[in-house]
Amino acid sequence: MLHMPARSTWVWLVDAALAEDLGPGDATSLAVLPEGLTGSARIEARTSLVVAGLAVAQEVFERCGTAFEALAADGDLLDPASVLAEVSGEALGILSAERTALNFLQRLSGIATLTHAYCDAIRGTRAEIIDTRKTTPGWRQLEKYAVRCGGGGNHRMGLFDGILIKDNHIAAVGSIGSAVKLARTGGARGLKVRVEVESVEAAREAIDAGADALLVDNQPPRTISEIVALAGGRLRIEASGGVTLESVAEIARTGVDEISVGALTHSAPAADIALEWNPISSG
Amino acid sequence: MLHMPARSTWVWLVDAALAEDLGPGDATSLAVLPEGLTGSARIEARTSLVVAGLAVAQEVFERCGTAFEALAADGDLLDPASVLAEVSGEALGILSAERTALNFLQRLSGIATLTHAYCDAIRGTRAEIIDTRKTTPGWRQLEKYAVRCGGGGNHRMGLFDGILIKDNHIAAVGSIGSAVKLARTGGARGLKVRVEVESVEAAREAIDAGADALLVDNQPPRTISEIVALAGGRLRIEASGGVTLESVAEIARTGVDEISVGALTHSAPAADIALEWNPISSG
Amino acid sequence: MLHMPARSTWVWLVDAALAEDLGPGDATSLAVLPEGLTGSARIEARTSLVVAGLAVAQEVFERCGTAFEALAADGDLLDPASVLAEVSGEALGILSAERTALNFLQRLSGIATLTHAYCDAIRGTRAEIIDTRKTTPGWRQLEKYAVRCGGGGNHRMGLFDGILIKDNHIAAVGSIGSAVKLARTGGARGLKVRVEVESVEAAREAIDAGADALLVDNQPPRTISEIVALAGGRLRIEASGGVTLESVAEIARTGVDEISVGALTHSAPAADIALEWNPISSG
Amino acid sequence: MLHMPARSTWVWLVDAALAEDLGPGDATSLAVLPEGLTGSARIEARTSLVVAGLAVAQEVFERCGTAFEALAADGDLLDPASVLAEVSGEALGILSAERTALNFLQRLSGIATLTHAYCDAIRGTRAEIIDTRKTTPGWRQLEKYAVRCGGGGNHRMGLFDGILIKDNHIAAVGSIGSAVKLARTGGARGLKVRVEVESVEAAREAIDAGADALLVDNQPPRTISEIVALAGGRLRIEASGGVTLESVAEIARTGVDEISVGALTHSAPAADIALEWNPISSG
Amino acid sequence: MLHMPARSTWVWLVDAALAEDLGPGDATSLAVLPEGLTGSARIEARTSLVVAGLAVAQEVFERCGTAFEALAADGDLLDPASVLAEVSGEALGILSAERTALNFLQRLSGIATLTHAYCDAIRGTRAEIIDTRKTTPGWRQLEKYAVRCGGGGNHRMGLFDGILIKDNHIAAVGSIGSAVKLARTGGARGLKVRVEVESVEAAREAIDAGADALLVDNQPPRTISEIVALAGGRLRIEASGGVTLESVAEIARTGVDEISVGALTHSAPAADIALEWNPISSG
Amino acid sequence: MLHMPARSTWVWLVDAALAEDLGPGDATSLAVLPEGLTGSARIEARTSLVVAGLAVAQEVFERCGTAFEALAADGDLLDPASVLAEVSGEALGILSAERTALNFLQRLSGIATLTHAYCDAIRGTRAEIIDTRKTTPGWRQLEKYAVRCGGGGNHRMGLFDGILIKDNHIAAVGSIGSAVKLARTGGARGLKVRVEVESVEAAREAIDAGADALLVDNQPPRTISEIVALAGGRLRIEASGGVTLESVAEIARTGVDEISVGALTHSAPAADIALEWNPISSG
């Protein structure tokens, strides 16, 4: 289910983006274009990619008074030269929206496409690719949505909707057991308790303390496998740290439930998407 | 001169980033950490990188009540394991700020580091590496600043502070000459007129029409060289399109003044930067 | 641990409150008071009450240029005539802040005081008094904090940080089992699954499906007791519906873990708190 | 005339309320409900009450994409089980709006209902029940509107649209006469001068000084009667202080023009209003 | 008493003004000035004028990191070449603030200076010069303050803090008497009732109906005198319409209490104020 | 081409203007007018004027629920008594919008009318009348648009979209030549370099250094003529300083390209525009 994030979580980013690009206006087009000139154009994929962000692009174009018709859907895997959408209206509007809309589409589709590649790499295992909190500041909702478009899952949205006990929390209270106990009683009533562990011993201690899930950080596949065996399906195991498209399959074969990959959002290259005009005549 | 963008152009992004990560608060730390527990940590480079964004990271930590001391400066080229900054204060504050601050630093330093690599690749030529409008929506000022930190230059900020005549403008009025004339007389009085050309003939026509600069898009080095010769130093020539770390040197050797690279901002991988805690005791 | 909500979650309410009360200014004081007249005053409890909201009152006074010194702390149970704080500065400032600051203090202390009464009524049982989402729109963080000041606990903050399966969710997918399964797999990874039940049979079905907690709504003590027995301590049981200061003790004696009370926030009468001036002379 | 306050004075409260309840989304419904599932429901009074706030509830539902049809009007006195409105649309939208809309309706109808009770208690006298500035911060326009829905009148909106001379103003300038004179000449040209008095002597002094109205605070009925006689209908007399549903009739019989009651807005219990779903099937 | 309007009523105008002038930055100074160059300058009156707006100018300069020392006070009548203030700091900051600060000072001092001229013209009469609602949108608080700086008084702030019955109100309810009665009973409790009249008959009707004040619009001095006589000092009389520096004295001699002049705010020419740099050297 | 500025650049000024005038509502009309009373009115020119700002006036009326039909267009030169627009709807809405809408129209049409007079005065010369940065803070986009409506041209929008080298820049780097060189290489790539000069020698130095345009400030016609001759049409010459309706023709006859006039925006008197109601009856 590809629920788009609520408009209020990203519409201000559209405002900011248009403001920073347009400022007092498109100086070239205002000077050169005949008033009222209209046109139309296609938004095309230049490589194979998974689409994400069509509704945001639509918002950008509509703000500029341009009609937008989507010809693909978020989550679609497209061949090169596929048309994502058509736009039409005043040329001044299309040119004002073009770069901003593409900047959104290219970034979000880039994330979806990279996520799709990771998912492909582990097909046949029980593991799921999920994201992290390593998102572009201001873009969390959109980027986590792009991950879903690519077939991935979402980790917690932020520090508020999931409990993750790390080294420092444990050091602060003296033991994994104490930390888990505090989290279960003092924590928000609706949140599960996940513990980050870096050894089989720590995993055992967390399980005994009643953790709901474990995050095994930066460990070799052998250690992950042991922890998976120890958990015996009673609680979910997530692996993270140094995951690449080359290494992900081996990690998946340890039997973990989730593999979290920061690069999905912090290092995805832009998808190559361009706006191609239908001919404009000076008539 | 590394002028940081005015605080008002990015501080709202800090607000948004903290809001999306913290929501009603860090559930884990609120539940687990003893009230008033303090600590300190170092922000470290894990690979060689060029730093950008320390003032933004400082803003994030200070919003969370944490003291921040920079030990490097934006634009510095750091070795792996170098310390960028030290932070200290309530552990709750440091943990609330950590991810958001790193997300800013990693993105901006990633852009600065990639820009630096491009600049390195053309050292000895007269060309300059410059950015494009292909920036992350909402981040234009910060990303263009990161490009400067990496040694690059900035193209226009947006559609408002430079005139760039493209295909459609020309098609709309019938000829390069007409478009340039309209731009010179009807345009904003303080803006130069740059024309995008894809052939020597178009370049000649633009020069004759009185263009102040040319953008040669997606042409082989031979064509670029011819246009450089044609211009004879009387107007600036920019090359763009399909520039990579491998191809950039050859383009630079054509004698162009500027090479614009969209990947600097749309596809730079995050720099690897981490926060390392000094020991916390449960005492 | 009485963590005050982050300032950003309520400071805009202070802005709005001062704006709606002051508008273009305090017409009476601007006309009558000699410019520069100073004074001081005490904020006093007129009945026994539990204090909540001193930091908000301080914000209001400081906005108006008035010094504020707290003489009590949030969570304190005060006798009538106790002094909560002293304020001093320009009389114009004190009078501008007075009503707005008291409106905050009276409402929040009213909630803390009512919560305290409920907690008192069940002392000696294992149950805890918790709040609901029936808060004053715009005030959720502050009101949930006031509940903590009164000794109560907080239910989820909103629809986003806890899963609560109700009638309609069950009707939509056909059975409690299906709903719980969807929530466990399709839901946010960090959230526990709580199920609202209105019978022992429904409770059994939810437990079998793997629910993390149950909310028993609007049932007689006998039914609650049966469900508590059925759960056998393996999952938390919350009771809600029609709870009053008279009935709460009987409900608590069923052995439930939590009793949620909407009236804490939607129907608490204001605490009686007033500002008493130290003498002003016309000298 | 029941003029609803301008939308701009309360719509931001709807924004805030939805944001604090929804955050990144309704975790339960997003996980459990089939995409596109639709439904409908009725908003019902569970006790007798006076309605207030239907337009606000409508705004909340429409923000969530839900159709809203009012079946009653603000100011109506309803019997238990009456239907205030019907809503229909996507189940996800209805569930997202439900609690927030009810929180508005219950609070505003609670105020209207309590105001109605006070008005009933003095029927047959010449007095009018009016509100005070003791409103919930951020809610002044809405709460004063709810008072009007219940049949009451409004005192001044804030410190800016009426002059009320109190003890401290008088102390600051030495006498009632001086304060009234300053208010009449130095004050805003369009504002009447009301003086708070606590004795017959003070009332006489204020009348002689040219006050436009008197506020008799915290005095026994006998004193109020004397002041009413003294005023002889030439200026309006308001009584305030310690007014309850039991005592209000006696105060009204003194012949005062207005009785102001802080409890209307600071201590009204929520009206009992619920949303009842029409059957949803899993078909 | 020259109470400056609360900062919150005008500080957003400073934000907007700096944003519209600076955009992404002062292109000239960023390119040309050596980083860190400092300087100082004087703000001087070039003609005789009454000062208004120094606090706003200070805000502008301080936003740009420039120190500001006022050498005059709002309300002062200055000779040509007087120094209003001195500023010092980074040259980049001073140049960024200069135009915006002067734009505020010139406009507000222009209004104060024109007001002063009107006040001068009627010296020796009992009349007072007051402003109208014909202010620059967004500037009402500042412009009404500038009128006070020039020695004038303020009419109501807006439609909300004074009642003014005009032709259309009277036409709508059938008579002056009905309109006044509705305003006295149905209107906000704290507001006086002023009636606009254009004849002696209408004035008599308004007085009989209990109006608190009259506005005589666009009538010859003789008619104004008759109405002043009719009122006999029992209610205030305001004259308006077509008032110029030439005609104002004759109107004042009719004995009116107030003369309102729209031109004070809608047509005051800017005062001539400039920033003069102390020498900068390239050393 | 009269491109209206983007709505987002001025719509907040409409918000602010309505808020400051309406506050909690039009007290008179709310008290006096029968609910639902409707009416219509004409907006009329009382003198000859050039119209500017109809779209802003329309926005104001539509915010207040009033229909607005324009009967003229921005830029039209109207005779006295011409009708600019008709409005109709609830009387309460028309009265709420009236003053704010007129305040916008009168100011903008005043600027357009004054600009038109300057343009008239130089008809037959090659010079163009342009504006300055001496605009009302917050109003730059609207006021520069009004200048265009009057037939004038626009100078740069702000400090960001044009380079203007002044005394202090030159003093800071030692010579005109150095300043121009820095501006050409260090400055924003899309901006032309204009130099302010006060003598023929300075003009020569700037031309030799490669300036794109000159601003001749505060010089007699003879000096301007010499500089025009010196430039020989190779770069644009602007004259400024002390320009009046009387002196502008002589300046234009020097052959300058542009004459900039601060008074267009800082000292234009309001155009006289009024709203005339069609009869309202009390029926």
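A, B, C, D, E and F label the chains in the order they appear, each numbered from 1.
Note that contacts are C-beta pairs under 8 Å (C-beta built on N, C-alpha and C of every residue); 3 or more make two chains touch, one makes a residue touch a chain.
The structure displayed is predicted, hence computed values, not measured ones.
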Contact distance in steps, from subunit A to subunit C: 1
Listed chain pair B-E, D-E or A-D that repeats interface A-C [over half of contact pairs the same by residue number]: D-E
Far-end chain from subunit A, centres as C-alpha averages: E
Per Cα centroids, the chain farthest from subunit F: C
Distance between chain centroids, defined by C-alpha means - subunit A, subunit F (Å): 46
Rounded Å distance, subunit A centre to subunit B centre (Cα mean): 22
Subunit B-subunit C separation of Cα centroids, rounded to whole Å: 46
Computed distance of Cα centres, subunit F from subunit C, in Å: 54
Subunit C, residues touching no fewer than two other chains: 1, 9, 22-25, 27, 30, 141, 157, 160-164, 186, 188, 191
Subunit A residues touching subunit C - in the complex, by the definition given at the top: 1, 130, 153-157, 160-164, 186, 188-192, 194, 212-213, 236, 258
Footprint of subunit D on subunit A - complex, ascending: 1, 3, 5-6, 8-9, 141, 157-158, 160-161
Subunit C residues touching subunit D - in the complex, by the definition given at the top: 9, 12-14, 16-17, 20-34, 37, 39, 91, 95-96, 99-100, 102-104, 106-107, 110, 133-141, 157-169, 171-174, 179, 182-183, 186-188, 191, 262-263, 266-267, 269-270, 277, 279-282
Subunit D contact footprint on subunit F (complex, rising order): 15, 19, 22-25, 27, 30, 35
